[in-house]
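Below, subunit A partners subunit B and then partners subunit C, in two separate complexes.
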Partner chain A sequence: MTPTRLTGSVQHGFGQWLLQRLTAMYLAVFAIWLATAVILDPPAGFSAWKAWFAYGPVRLAFALAFMSMLVHAWIGMRSVFLDYLKPLWLRILMHLLTAVFLTALALWSAHILLVEAAR
Partner chain B sequence: MRFSIYRYNPETDRRPHMQEYDLAEAGGNTMLLDALIALKKIDDSLSFRRSCREGVCGSDAMNINGRNGLACITPLSELKEPVVLRPLPGLPVVRDLIVDLTQFYNQYRSVKPWLINLDPEPEIERLQSPEQRARLDGLYECILCACCSTACPSFWWNPDRFLGPAALLQAARFLADSRDQATGERLNDLNDPYRLFRCHSIMNCTDVCPKGLNPSRAIGHIRQLLLRRVI
Partner chain C sequence: MSTTNKRPLKNLYLPGIQLPVGGVVSILHRLSGILWVVSLPLMLWFLQQSLTDDSSYQRVSALFATLPIRLLSLILVMIVTHHLVAGVRHLLQDVEIGVTREGGSRGAWIVMLTVAVASSVAGVWLFK
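And then the complex of A and B:
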């Protein structure tokens, strides 16, 4: 192994690190709130569930959770790729596949929150 | 006492192998390095680095029974037999227990481990209050033995781009120095997905440091400085 020439700093990375922690904190709080809400007051049947989900603040909480999850997943997957994938083409390919998959999830989430919940 | 030692001479061996050695019990407070020196009297082809033999120079860092440490301050009485000795993991082997530390030193050098102060040189020392001096405790004691960096999985995967705990501890040492004026440039230089942020707080570094230092906490301080800069 010949030592590689060092390429210096790209001067970013802290923002991603911070976002990963903030989204994790929101998801932790959200998960506890969701579990508590469902256990303490389980919606009786589909229509009750739908009414609960259509309620503005609940939908907002879910919207934030979906967004946090997508951001968290992107940063986390990217971190795994940077750690373990060495060939550049494989890195680019996996970034691309992850981006396509997460974008599909984002569109699906938006559809659920804006179309299905309002129906 | 039984030893199993990693042997590799790139000029003659096709691949490394483990060699068994047997040594008469020395007893008392004998250190592992004493045993290695005794073994070298029996087999002078056995190669390892050592210098101060009292845990100050950091030359004889090696992997002892699966854990990085300094042979000179590891008592034989604490080791399970056979004592398995390997070179520091993840670095190219020059011969037997001697590794090529070029990459490690390159990363160390890239954090500019010296005081950057553009003021005219004072006639006496640059003074510090006792409190300012105390902030360097736990940072300046590093002897660059490489036990921490070579115990770090992130350094194993990206030794060419991740600084590693030893270099990051030194970066923190100069960020903490009241006499240094390059805090901003230093933070810019560390703010990188590889250089700093390959650290996932695995904390192997803190676990193995033979000087009892805490690179993990030092890295946390660097992140705190970056956070203060934006919030």
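And then the complex of A and C:
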């Protein structure tokens, strides 16, 4: 039996595992907070909705949620691809498409929070 | 890894093998995650339209009054509730809660039940 070599990739895997759980916990709290807020006090028209969104802590909570969601999505999609896609070229292609997709969403959500919501 | 059993499995009657409820919840966790990622652009678009100006806010509100968008919202609520509750189950299993065969099944049934209750409530709220 060959001795187990602890290389950098082992720590990398643990980092992803931990990151997936930390983002999950934030997203769970965020989702429950958002659902409660919207159910208890439904947005009453455009100005009220806009005013709620212009409030700094709300936008910060959303920004953290978007970041967590995109990181969580990347790690999750990656494990799905690694489990179900066998050909290397297909894995690389799907990783690439997912990376482009999630980067676009990151830029778009940043634009919404920094430009649309702040106007 | 064990290399003692190299014999291929024979006479495996596949229809007789049932995926346990924990397996079903696990697969649905992955499926709901993928569907959620795919639906992110649509939700970002809704958010953007709702924040642009008064007329676009009215347009999105009117959209949410239509049957197809209400049905879609209900499906998205089911997807996110399932992913959330099944995710909590995984987190609890990380700290050794519900990791036995019985505990895993019980947890999986609790997940299914919670999703059913939550989507019923959401359904009533959306279609009242």
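Here is the rule we go by: the second predicted complex is superposed on the first by the 108 of 119 C-alpha atoms of A that agree within 3 Å, B and C clash if a C-alpha of one lies under 4 Å from a C-alpha of the other, contacts with A are read in each partner's own complex, and residues count from 1 in each chain.
In the analysis below, contacts are C-beta pairs under 8 Å (C-beta built on N, C-alpha and C of every residue); 3 or more make two chains touch, one makes a residue touch a chain.
Just so you know, these numbers come straight off a predicted model, no measurement behind them.
Asker: Between subunit B (first) and subunit C (second), which does A:50 come into contact with in this model arrangement: first, second, both, or neither?
Answerer: Only subunit C; A:50 stays clear of subunit B.
Asker: State whether A:13 touches subunit B only (first), subunit C only (second), both chains, or neither.
Answerer: first
Asker: Give one of first, second, both or neither to describe whether A:22 is in contact with subunit B, with subunit C, with both, or with none.
Answerer: neither
Asker: For A:80, decide between first (touching subunit B), second (touching subunit C), both and neither.
Answerer: Once the two structures are laid over each other on A, A:80 reaches subunit C alone.
Asker: Applying the touch criterion given at the start, work out whether A:38 contacts subunit B, subunit C, both or neither, answering first, second, both or neither.
Answerer: So A:38 meets neither subunit B nor subunit C here.
Asker: So, does A:60 touch the first partner subunit B, the second partner subunit C, both, or neither?
Answerer: Neither subunit B nor subunit C is touched by A:60.
Asker: Contacts for A:69 in the overlay, against subunit B (first) and subunit C (second): which applies, first, second, both or neither?
Answerer: A:69 sits against subunit C, while subunit B stays out of touch.
Asker: Which partner chains sit in contact with A:112 here, subunit B, subunit C, both or neither? Use first/second/both/neither.
Answerer: After superposing on A, A:112 lies in contact with subunit C but is clear of subunit B.
Asker: Taking the complex as given, what residues does subunit C use to touch subunit A?
Answerer: For this pair, the touching residues of subunit C are 30, 33-34, 36-37, 40-41, 44, 47-48, 50-54, 57-58, 80, 84, 87-88, 91, 94, 125.
Asker: Considering only the defined contacts, which subunit B positions touch subunit A in the complex?
Answerer: Listed in rising order, the residues are 92, 102-103, 106-107, 110, 154, 157-158, 160-161, 188-198, 200, 223, 226-227, 230.
Asker: Inside the complex, what are the residues of subunit A that reach subunit C?
Answerer: Its residues touching subunit C are 21, 24-25, 27-28, 31, 39, 45-47, 49-50, 53, 69, 73, 76-77, 80, 105, 108-109, 112, 116-117.
Asker: In their complex, what parts of subunit A are in touch with subunit B?
Answerer: Listed in rising order, the residues are 1, 3-4, 6-18, 79, 82-84.
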